[in-house]
């Protein structure tokens, strides 16, 4: 038995660990890795529980209190994430997800990786009576994990942080997210393995989008997005003005509305696809790998305002495009789940700290693209955009 | 002086006890009873304060953080309560009672006994402008007690847990709930003594419904509801399809909408009435006694889905039927309170662990019914249902 | 260096102090002053952090958890503040600011000084679709400070409590309140120095109103408001029935709707103006000094119900009158902020424990008024009231 696991929280068993610090030495291993669980204090982060992992090279912070989101990743002095106008992580008690405007979710939006779902994601949907039906990007990011575990496998040289978040109500959806953050010691990457289960005895549906957000230093004007585009279209007419430059981050401009582009990506025979953000100097980047069969709808989001207003770009693999759920349902992009059914999702996030590493990923992406000529549409595409 | 009391919380005096464990020995008494106050940790229950009472036979958990609700009752290995799709108790910080939909309350609905009120209960009410006026089942279950006390009276062989919850706003209702959970040592029952006071110098009104919920093992298909019905009518046309079987729990059926029946009960000369849920095998049950003068409107609620979706029946004594408040006001079922006036409510909850105990309660209920022939209406009753 | 500072909380630096008690002796000073930081427990105040200052004469409580509000001030046995129907301070987790009604803010309204803003204050504003756009009195009072510091300057005989509260969202306003509560040892006054900064690179606007509220013993029937009125007008026709008695607190009357009067005050050459509330016996009072250039719109609020319903009067200096923001914008009363611009606001609050002190302040106010004859309008003034 080379795997040691620590239950950090388990409400069913009435167990909870306030703080924990596990180092290599404590598990009789060589190396310089650690797992630390603690609770943040003060301001909007009061009571936010975090699990900080250092695999010897890569450091990252998982936030059980915010739906097992991934706050930040660091490699050496390179910080991967973004600087939101709100300094988080923000405790859900301060996020009015149910605000009548539908956009209260923004009050807590601060993470590198924020899951949007599970009953819905995308734009807020209102009924004919004017009332909010689905808030922007759903509830999962503001629900705490009911169970959290950390584990080290010394033989596999691996660290795992697992968590379970339930988005469930009597008479409502009963969806369970089980997520595992997996990382190998001294490697510049981590894997996110998500299982979404319909706990109900009745059919259900779900939406899941990974809002993965990058600000400086990786995302600055001149940074490039590398992706094996099959087809790409702007979300709306404003975004259409950016579509010719979809792969380049533009200058920071005060008051510039966001751009969004929707895309289908080329994938290899097993469905694997990959996208990368490359810093303006070409020396650093971050890439994401995922399966196009599971996450067929890819969104590029560019909010290119000045840093204090959030200069940020999102690479967002999803089951759907972030339109109102009603539209996504009409287009058949909302996964259906049978009773008890589980859907699997995986994302590999890799930090590329050198030009060599960037170039290797670029070659991989080119291989995936197999010379497919991207179709870039200059206007929103009916069926993709609700315009 | 044989009564010893412990203040667990008192905001007016700036007093608070984090945890407390009182045993028989500590108060110089024989027996095996205890009172324990602690704070639950993790997930949706983070920060929920509970008072766990063991009277030597019956164990129960009071939740000051959730309006002094009663989470669960246990007798030996018999658990009385239900398994909600959301595993609580849920801290109010995670319950969006004010969600525009009006049904955010469901996100925290998990208890055996949940008070619905005090300004309103029942279905959410919306204004002509489409805006929520009264959320489903009101606010009291998601307000924390401002004062909590536990007491042991060794001469009276009694344990009490008291709490005060204020539902008050400038320009709004100013209602105070003072509740006492009373239990005799080694007895299979507890008494709930509630006082609702209008703290205002101005007339007020109020609604109060005890949402008392049972799931397996007591409530399973074939379980029976024993009640001295005077008149019973289905709430709506869907419930009308169940009215001939009102007293029997039906098979668990995926997707089956809830049934609700409204009733007036026969009571004895002092107003005492009683209802019982008997397990399918007739060997166990639970009964409720209350005063029909105080709680004249009795609702039977049956949500007969598969266990993972909540197989649950509610026996719900109330001041009113859980329709929108506007309708209940029109029907004269909303109690008016003079300035400073207090209304009293009592419910005795008894667990029946044997067929003998079940039968004795059945005889009592038959005596209350005095042979009155129940009037079972096959359609919703105007004046009772807002249909 | 005679100034010693303690960081009580700083989320940016990941620092937080749970409790702190600083006394004169600890900083090597004579006198009987102290600063105490602690966290309130129980009920609606669970988790509320407070900083209690005793300058040797005046005691006051600052509430970082509630937007750096000022809960109460005491001088000897004179308590300055009011008794709300809700006993606070109320933790924001229990205040549904985003309630569709727009008035959820009232659930937490309990302080002596509560800031209303920063994106908006005043009456809730709804869109044509019926949805809430701006909740009553805005969000700032229910946002926790991201940074808190206390300091003692032994040479200047001064104590300071500073805090920073951010009201910021991606795509929304990005306003920062930095407040300092300053007090001299053994003096019956404190100064509030506020800076509101537009953190954005884009122009913004803001509203700020100081809801400063007094109940018994200072505010009782017969208490007087002394103010150098230039022009005063009732907010609405109901308030018009009180306008002839604007400066006197009337009898407590059950069910009496609130009165509000809007005013412009005379100021001295530097813009300084002053208002005072004098107790019915003329022996005690409290005054506010501020700059009319910064806070040009002065509101008198009188809610004269019985004590249990809140007998309270508000003296409310603001950038604007508390109408819906839409109207205030039309009238040009909403300050515009350039990118990075900071606006400054100061209020001096002084307790007058004797008739002499009251009279001295009255003379000061008379000097400010310079014999200007107040214009008292008997009907709401177009341009001031949205009626």
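Note that the chains are named A, B and C in the order they appear, and that numbering of residues resets to 1 at the start of each chain.
We take it that a residue touches a chain if its C-beta (ideal position, glycine included) is under 8 Å from a C-beta of that chain, and two chains touch if they have at least 3 such contacts.
Note that the structure is a prediction, hence the values are computed from the model and not measured.
Rounded to the nearest 5, the angle that brings the Cα atoms of chain A onto chain C is 120°. Between chain A and chain B, two chains of identical sequence, the interface residue sets overlap only in part, with shared numbers making up under half of the total.
A separation of 41 Å divides the Cα centre of chain A from that of chain B.
Contact with two or more other chains is made by residues 47, 93, 98, 100, 130-132 of chain C.
If you check the complex, the residues on chain B that touch chain C are 9-12, 14-16, 18, 47, 92-93, 97-98, 100, 129-133, 143-148, 166, 168-172, 174, 199-202, 339. Within the complex, the chain C residues that touch chain B are 40-47, 84-87, 93-94, 96, 98-101, 103-104, 106-107, 109, 126, 130-132, 254-255, 258, 303, 305-306, 308-310, 312.
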